[in-house]
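So the structure is just underneath, and the comments pick up after that.
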Amino acid sequence: MIKRFLVLLLVLSMGVMFSQLLVGYSPDRQLNATAHYYATQTASETGAANIVSAIIVTYRGLDTLGEVTVLFLAAAIVGMVLSAKQGGQSPTSASEAERQLPPYPPVGELLATGTQLLVPLILMFGAYVIVNGHLTPGGGFQGGAILASGMLLLLLSDPLRTIGHRLISVVESFSGLAFVLLGILGLLLAGGFLDNKILPLGTFGSLFSAGAIPVIYIFIGLKVGAEFSSMLLNLAKTEER
Amino acid sequence: MKPELEKRIVKGPDGFEFEVDPIRDYFCETPPTVMTAAYSAIIEKLFNWARAESIWILGFGTGCGAIEMRPLMTPRFDAYRYGVQWRPTPRQSNLFIISGYLSVKTLKRVIRSYEQMQNPKYVVGLGSCTINGGMYWDSYNTIKRLDDYLPVDLYIAGCMPRPEALLAGIVELKKIIRAGKAEGANIYAEKFEWYKANQKRVIHDWDMPDYNW
Amino acid sequence: MAYIALATGFLLILIGLYGALTHSHILRMIVAFTVANTGVNLVLVGVGYMGGRTAPILDKAVEVSAAAQRIIDPLPQALVLTAIVIGLGVTALMLTYAYRLYVTRGTLDISRYTELKW
Amino acid sequence: MQFDWMQIPYSLLTLFIVLNYGMLLNALIAKIAARVGRRHGIPIWQNYADLLKNYGIRSSITHGVMFYLGPVFRLAGGVGLLLFVPTIFGSEMFSNLSFAGDLILALYFVFFGTLGMALGAGESGHPHAAIGVSRGLSQVTTAELPFALAVFAVALQYQTLSVTDIVAAQQGGFLNWTLFTNPFAVAAAMLGFLGSMMRPPFDVVLAPQEIPIGPPTEYHSSYLALMQTNRMIFPIAKIVVYMNLFFGGAASWPVFFIKVFFIYMVSVLVGVVFPRFHVEQSVRWFLVWAVPFGIIAVLMV
Amino acid sequence: MVSALSFIALPLGTAFTLGLLPQGMQRVNYLLTLLALALLSLIAASWLLAFAAGEIATQQIFTAGTTPPFSINLQIGMAEAAGLLLLNLTGLLSVIYLRDTLHQQGARAMAVLLIFIMALSGIVLTRDLFNLFVFIELTTIATGGLILLSHDKRALGAGFKYLVATQIISITLLIGTIFLYHDSGTLNIDGMAAGGLITGESLALFLVLIALILELKPFPANGWALDIYESAHPAFSAILSAAAATAALFAVDRLLLVGSNSWLPLATAVGVVSFVGANLLALVQRNDRRILGYSSIAQMGLLLVVVGQRDILGESYLFIAGGILLAHAIAKAGLFWLSGIIVARDLSDWRALQRNPLYIFAFATFIAMLVGLPPFPGFYAKWDLVHLLAAHDRIALLLALLFASLLEALFLFRWFGYVIKGEANPEGIICARNKLGVIAAATVAAWGVAYLWGEMALQGNLLYSIPLLAALAFLLLEWLAVPYKNVLAISVLLGWFVVNYADYNPLQLIFAVIILVGGPLILLSSFYARGRRIGFYPATMLMFAGMAQLIVAKSSFDFFAAWEILTIGSYYLILRGKASEPHAISYIIFSLGGAFLMLTGFALAAAGDLNFLLSNLSEVAPAVAPWVFLLLAIGFMTKTAAIGVHIWLPGAHAEAESDVSPMLSGILLKAGLFGLMVLMLEMGRQSLYGVDLTHVMLWIGALSALLGNLMAAFQEDAKRLLAYSSIAQLGYALFGLALMNHLGWLLALMFVINHFIYKSMLFLSVGGVAKRTGTRLMYRMGGLITLMPLSFIAVLIGIIAVSGVPPLSGFGGRWIFYNAIMTAEYRLPLIIIFLAGPIAFLYLFRLIHTIFLGQLKDEHRQLREAPFWMILPQMIFVACLMVFALVPGLALKRVDHYLLQYFPEGGLSWDGLTITSHFGYWSPISIMVIVGVIFMTLFAWLLFVNRRAQKVKQFNIVFAAERPFRPETTHFAWNFFAPYRKALGFLTEPLVTRFWDAIGEALHSLAELLRRFYNGNGQTYSVHLLAFVVITFLLARGVS
C-alpha cells in the first residue's frame, strides 16, 4: 500500500512537472524557422509533395536509417532470443515437442476464405501506399506495416505454415543494404549522405518524381514488411509450444 | 626420573628433528674441585679474617629450629654486630644453618642449595636432630646424621638451642674460620663420591644432576 | 485542441507510468508502457499542431507558394513516426524477454526476478 | 678545559677518596637505620670485610659473556659518572675528566651501568633477575622524569649545561643555591632522588625474599664484589650531581663530605619511615606528586 | 580523410550484409565483423592523428544535401575522433574476445554488436537532438540483445529491468526533446545553444538532461545497470562500461552547452553523489563484476563532475576529461576482460591470476590506472582538476572528490591484496589465446596512453624520469635469478648516487646517502633469497626511484609524483609479507589519504599554477598559507606515522619480509621527514586561528615519542616493537623540526641518520632471528646469545645507540636535543618527551633480553647464526655506528653550516675534538676513550680475580632450592612490563585504532545499509528512476 502511495506521489509529481510544461506551452502562430524552410523549400529541393515524407526520407534520413535499424535490431534480437541456441530450456526441443502437441483446431471457413481473398489485396494496397509515399499520406513504414499485416493474416489462417524464413531475411538484409548504399551514393553523387538528388527530381507531383525518395521508400517498405514478418514469424513460433 | 627430565625428540623451526637430553643439555655436570687458597699466606689470612667477619647466612629454615634464627635479627640479639647477615640466595651465602631435623624431602633441597653456595662455605647443624636424629631417630623420613650427607663445621646441641646458643656457635665458627680450618667445601669435593652415595641411599627419587652448580 | 491533446497525452503517460510501477505482472507492465508511449506520441503530435491549418502535403489544396501559411509543422509528424517505430521495436523486445523469462522461470511476476541485487 | 695527564692520578685520587668515604658512609647509614630499630648495627668497617670476603671467595660460576660483563658495566658506569662530573668546585684537578662532556653526559651515563647490569642479570637466565629488571626499569621511567625536568629548569635558569658554570652561578652565600632560587626544581629533583636510591619505599626492585634481591640474584663472589664497589661509589657520584646542581657544589673536601651526607640522609630518613610501594604505586606517585613540581619549575624559569 | 559517415554506413552495411550471407558461414561472418571494426578503428585513428598533427580543424558533416538545422549534421573534432577510436577499438577487441560466443550465436549477434558500436559512434557524432534519441534507442535495444550473450541465466532478468528503466528514460527524453524543439524551433543542438531561446529555467531542457544523465547510470538510480554489469558477458560489460558510458558522456557534454551552462551545477551535484555513493557501496561488495559496475558508475560520476566544472577548467577541460575517461575506459575494459577468464566470481577467486606474473602485471596496471596513480593519465588529470578546483575555491567539492577517491582506492587495493595473497586455485582461470591477446592489448594501451598523457602534460612526462624507467626495467628482468638482479639493483642505486653526487646540497646529500647508499647496504641482505623473487625488485626499485626523485623535486608536481611512486613501490613491498594484507591496505589508505591532503595543500598553494615550484611555497598568500601548511604537514606526517595516523605502521613493518622492514623503517619513513623539512624551510612558522602550528607539531611529536615508546614496551612481537619504536623516533625528529631552531633541525637530521643506521640494523637482526626461529614472538625465543652471537652484538650496539647512552652515537642526538630545547620558547610538550626518554629503556631491554638472554628453548638448541648476507650489512652498520659515534662531524658539520643560512643563530662549533654549543660541550672521542679505558681496566681486574669461573648451563640457577621445570616456564618474557601496564597501560588504550576502526566500520555499515536499497526488483528500480528525476528536479528548483 505504501508502495502504491509512493508511486502515486511520484507520478503526481511527474504530473506537476508535465503541467508546468503544459502551462508554459503556447501553440505557435507562425511556423518556426525550420518548419518554414520545409514548407517553402521541400518542393524545390526534393520534389516531394508529402513534406513529411521528404523530411523522413531525406532531411532526417539518418533518423530513418536508424529507425529501420531499430526494426532490424528488434527482429534480429527477437530471432536470437527465440531461436535461442543459448542455455536455458532449449527451444530446439520445441520442434520435437511440436509434433506431439495436438493440432490446432481447424480455422474457420470465414477466415480461410477471407485470407485467400484479402491477402493479395492487402499486398497490393501495401505496395500502393509505399510507392505513393512521396505524394500522399503514407510511405514505406505504413506500407511495410500493411504488407506485414498480410503476413499476419496468413499466419492466423494457418499457424503451422512455414514461410521462407530465408527469403525474409534476405529481403530485410538486402533492402537495408540498399538503403545504406543509396545513402552513400548520395554522398558520392549529390550533396551528402542520403541526398535524394542522385536521381532526377522529375515532375513535381507525379509518381516518378522526388528523386530517390520513392526508391528508398520501396526499400524501406520491403524492409519494414520483412522485419515485421520475421518478428511475427518468430513470435508465432513461440505459440507452437 | 621426572618426565620433564627424560630425553625427548624435538623438532626445530626448520623441521629438523633432534634429541634433547635435559640432564646433559640444561645442567652442568662437572663435579666440584678442591679449591685451595690461591694467594700467599698473608693474603689468605686477611681473607680468612674477612670471611670470619662477614658471615652471610642462607635464609633457608630447614626445620623447627628456623624459629630460633629470627630473634637473632631483633634488637635483643642483634647478630649484625658480628658481621652476620642473611642472604636470600645461596650464591651469595657462606653459611648454611641446618636448623633442626631434616626430612629426606628437605635434604634434597638442602643438597641443592648447599652445592649452589660458593667455596668456602660452612654448615652448622642446629639441634640434636642433626647430630643423631634426636627424637626422630626412628623416623621413616628424616635423616639421622647430617655428617653423612654434608660436611658439617659445627654442631650446636640442644632441642632446641636458644638464640644465645646460636650466637655462641657463630662466634665459635668465626674462630674456626679465622684459623683456616673451615674447609668443608673442599672436603665435600674430595669425598664427593662418598657423599653422593650416602645422599642417593636415602633420596630415592633422585631427579637432578649429581652436582648442582 | 492542442491543449487537450497535450493534456490527454500527459495523462496517458502518467497512467502508463502508474500502471507500470504498480503492476508486478510483466505483461501488464508492457501494456502500461505501451499506453505511456501512446501518450508520448500524442504529445509529440500535439506540440506540432497549429489551429486552423492543414496537413503538410502539397497538392492542389495547398499550393507550394502558400504552404508556409497553410500547413502545420511537419517535423513533429516525422518525429512521431520514428518514435512509434522505435516504441514498437522496444515493445517487441520486451515481449520477447517476457516470453523467455516465462520459459526459463515459469513466472511473469517481476518481483520474483531479484536474484541479482545489492 | 683540556685533557692533561695529571688529571689521571687526580681522578684516581678522587676515586679513592670517594670509595672510602662511600664505605664508611654506607656503614654509618646502616648504623643509623639500625638505631632507628634500636639495634646496635654493624661495625663501621663492616663494608670493608664484606668486600674483601667477596673478592676472597675461591669459586665462581659464569652463565656467559654478558653475565661476566654485567658487573663491569655496572662499575664502569659508576666510576665514569663520578669522573665525568667535577667533584670539587674551583679545583682544576678535582674536576676530574669533566672536559669530555657536560651535564647531559652525566645524565645519560647513569644508564650505562644500569643497562649493562640488566643485560648481565638477563643472561643468568633467572626469572627473578628479569622480574627485578622489569620493576627497576618501570620505576626509573617516572622517577627520572621530575629529575630531568628539574635539570632542565636549572639549565634554563643558568643558561648553561656545564656543571662547573652551574656551580659557579650558585656561589656567594647559601641563598644563591638553587635550593632557594628555584625551590620547585629542587623539590622535584629531590622527590625523584628518592626513587633512584633503591631505598624504601621504592625498593621493591630488590625484594629480598619474593625475588631474592632481584637482578643480582645470581651474582656472587667477585662479581658481587665489583657491584658492591659500585654500590659505594655510585650513590655518591649521583649525589655529587645533585649537590652541584642544587646545593651550591662543594669547594673543598670537608664541605663535600658534609653535603653528600645530608643529601644522602634525605633518602635514608624517608626510607626508614615508609614501607614499600608497588611498582605501579610508585609510578603513579612520581607522576602525581613529583612531576607537577618539575612542570612548575620548567614553566616558571 | 574517409568521411566520418563511414562510422555509421560501414557497420550498418556490414550488419546488413551479414544477413545476406547464407547461414553456416560463421567464419566469414566473423571475419567480416572483425574487418569492419578494424577498418573503423583505423579510420578513427587516422582522424585522430590528423587532428593531433593539426592538419585539419573540426569538421561538420552535412546530410541530405542541406545545411542544418534543416537536416541532420554530424561533427567530428579531436575529442570525437578520440572517442570514436576508443569505441571502435573496444568493439574490435571485444569481438576478438567474444570469438567463441559469437561463433555460437551466429550472424545476428554480430550484426547487433556492429549496430551497437555504430549507434555509439552516432551518439558521439550527431549534433541533432532527435537523432541523438534515435541512436540512444538503438544502443538500448542492442544492449537488450547483447545482454543475452551471457551464459548467466540471471542476465535475462537484468535485461528486462534494463528495458523497463530505459522506457522511462526515453519517455522523459522524448517529452523534453519535443518541447525543446517547440521552444527553440530547431532540433540542432548547436542551434539551440546559439539561439539563446532556451534558458536555464527550461523544464524541457531539464528533462532531456536528466534523461541523458540517467543514461550514465548515476547513483542511486542505477540498480538495473549494476545487475547488467554483474550478469552480462564480461566482454559486453567492457563495452558497456568503456564505450557506452563514453558515448553517453559526449551526449551530456553536448547538451550542457544548451542553456548557457546553467545546468552545470546539476551535473556536478549528480556526479559527486554518484562518485561518493558508488564508491561507498563498492566497499562491501564481493562480486567482481558488480564491483566493477560500481566503479564504472563512480567513474562516470567523476566525469560528470569534470563536465560540470567545465566553466573553470578552461583549456585543460579536454585534457582532464580525456585523461579520466581513457583511464577509466581502458582499465575497466581490461578488468572486465580479465574477469572473463576467471572462473568464479568472488574477488578472492582472482587469486588464480597468480599463475602468471603477466596477469598480475596487467591487473596491477589496470588498478593503478583506475586509482589514478602515476604515470597514468588519471594522475595528470586529477592533478590539474584539483588545482583548478582549488584555484576557484571549490574546496568542498574537491574534498568530496578526494574522499571518494580514497574509498575507491580502498576497495581496489583491498581487491589487489586478495589477489596477491593467499593460495590460488589452479583451476580458477581458463584462458584462450584470443582473450589473452585482448588483455595484453589493453595493457599496452594503458601504458601507451600513460606515455601520451605524459607528453601532453604541462609538467613533463613522468615516463622520461630515469629512476622510474630503471625501476620499470626491472619488470623486464624478472626472469633473472636473485643474485644477478640484486647486483644490478645495488649498482643502479650506487651509480645514480655517483652520477648525481655533485648536484645535491648538504641536506639532500644526507637523504641521498641514506637512500642510495643505505639502500644498497640493506639490499646486501637480499642476497640470501633464492629463486627469482618475482615482484620484489620492481617494487623496491620503484620505491627507491620515488625517493630519489623526491629529494631533488623542484616543483610540487614532481614532488607529488615522486611521492606517489614511492608509495606504490612501498605498498607492493609491504604486501609481499606473509600476513600483511590488512596492513598493506591500511598503509596505502593512510598514504593516499595523506597524499590527497598534500595534493589539496599544493593545489591551494598553487592558486591555479599547474606547475608550481616548491620554492614558491614561501610566497603563498597569507590567507591560505596556514591551511597549506596544515594540509601538507598532515600529509607528510602520515608517512612519518605521527601519532593519530600511525596505525598503519606497526603491522606493515612487522609483517614485511626481513629485508623489507629495514628499508621501510630506515629509509621510507624519511620521505615524510624530508617533506616536512622542505615545507618548514619554505613556509616557516604559520599560525591558524592564533595557534602556532609548529607548536601543534611539537605536541604531536612529543606524543608520538611517548606513546610510540609506551606501546613498544607492551609488544610481544619483536618487529612490532621495533615498529612502534620507529613511531617514537620519528616523533623525536618531528619534535626537533618543530622546534624551529638551528639545533632542533640538526637534532632531526641526527635522528634521521641514527635512526636509519640502528633501526635498519635492528630490523635486520631481528629479521634474521625471526627467520631462524620461525616466530616473531619474543617470549617464544630466549637464550640465543650463544647461538647467534653476531646478531646479538648488532642488537646490543643498536639498543645502546637507540637509548642514547654514551659513548655511542645515540648520545649525540640527546645532547643536541638538550641544547636545542634550551632555546625553545614553548616548553609544555617537553614534559612529555622527557617522560618518553626512559621508557625507551623498557622496550629496548626487553628486546635484547627476551630474545638473546634468558632461557634457550628446546626447539632452538640447534639453531645456526643468521645467514651471512643478513649478518654482513649488520656488521657494516655496527661499523658505521661506531664511526658516527666517534666523528659525528663527518656528516653533521656540513649540514650545520648549511642550516646557518636558514637559522643563523645557534650553530655548533666544531673545533678540535670537542663540539661546543652555546650552552655546553661534548667530546665524543674523549668519552669513548675514557669509557673504554675504565671498562677495560675493570674487565681485566675481574678476569684476574675470577679466572677460575666455572661455565654452567642454563638450568644452573638458584631456584628456591628447586630446579627449573622447562625453559618455557623459566623464561620471564611474556607481558614483561605487567606492573607498568597496571600503572600507565591506560595510555596505550588503542583509542586511535578504535577511532579509525569506527570510521571504517561506520562506512562499511552505511554501505551495507545503503545497498539494501537495490532490492533487485525491476519495478523498484523504476521507482528509483522516477524518484531521482523528481527529487533532482525539486532540488534543482529549490536551489535556483
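Order of writing sets the labels: A, B, C, D and E. Residues in every chain begin at 1.
Note that in this section contacts are C-beta pairs under 8 Å (C-beta built on N, C-alpha and C of every residue); 3 or more make two chains touch, one makes a residue touch a chain.
Only a predicted model underlies this, so the values are computations on that prediction, with no experimental measurement involved.
Steps from chain C to chain E, taking the shortest chain of touch contacts, total 1.
With steps allowed only between chains in touch, the distance from chain A over to chain E comes to 1. Central chain assignment: E. Criterion: smallest distance from chain C-alpha mean to the mean of all protein C-alpha atoms. At the far end from chain B, in terms of centres built from Cα atoms, lies A.
The interface with the greater count of contacting C-beta pairs, when B-E is set against A-C, is A-C. Chain centres computed from CA atoms place A at the largest separation from chain D.
The centroid of the Cα atoms in chain B and the matching centroid in chain C are 111 Å apart.
Separating the CA-averaged centres of chain B and chain D is a span of 35 Å.
Centre-to-centre separation between chain C and chain D, using Cα means, comes to 99 Å.
For this pair, chain A with chain B, the centres built from the Cα atoms lie 117 Å apart. Counting partners per residue, chain D has 55, 58-61, 212, 217-218, 221 as the residues that reach two or more other chains. Each of residues 130, 134, 137, 141, 144-145, 153, 156, 175, 179, 182, 187, 948, 950-952, 954-956, 958, 1023, 1026 in chain E touches at least two other chains.
Chain A has residues 3, 7, 10-11, 14, 18, 21, 25, 28, 32, 34-35, 38, 59-60, 63, 66-67, 70, 73-74, 77, 81, 88 in contact with two or more other chains.
The full set of touching chain pairs reads A-C, A-E, B-D, B-E, C-E, D-E.
Interface of chain B with chain E (complex): residues 4, 8, 10-14, 16, 18, 20, 22, 25-28, 30, 35, 60, 89-91, 109-110, 112-113, 116, 208, 212-213. Contacts from chain A toward chain C in the complex involve residues 3-4, 7-8, 10-12, 14-15, 18-19, 21-22, 25, 27-29, 31-32, 34-36, 38-40, 42-44, 49-52, 55-56, 59-60, 63-64, 66-67, 70-71, 73-75, 77-78, 81-82, 84, 88-89, 91, 135-137, 141, 204-205, 224, 231, 234-235, 238. Residue ranges of chain E in contact with chain B, taken from their complex: 772-775, 858-863, 948, 950-956, 958, 961-967. Within the complex, the chain E residues that touch chain C are 130, 134, 137, 140-141, 144-145, 153-154, 156-161, 163-164, 166-168, 170-171, 174-175, 178-179, 181-182, 187, 223, 226-227, 230-231, 285, 1011-1012, 1014-1019, 1022-1023, 1026. Residues 34, 37-43, 46, 48-50, 52-61, 208-209, 212-213, 217-221, 224 of chain D are the ones that touch chain B when the two sit in their complex.
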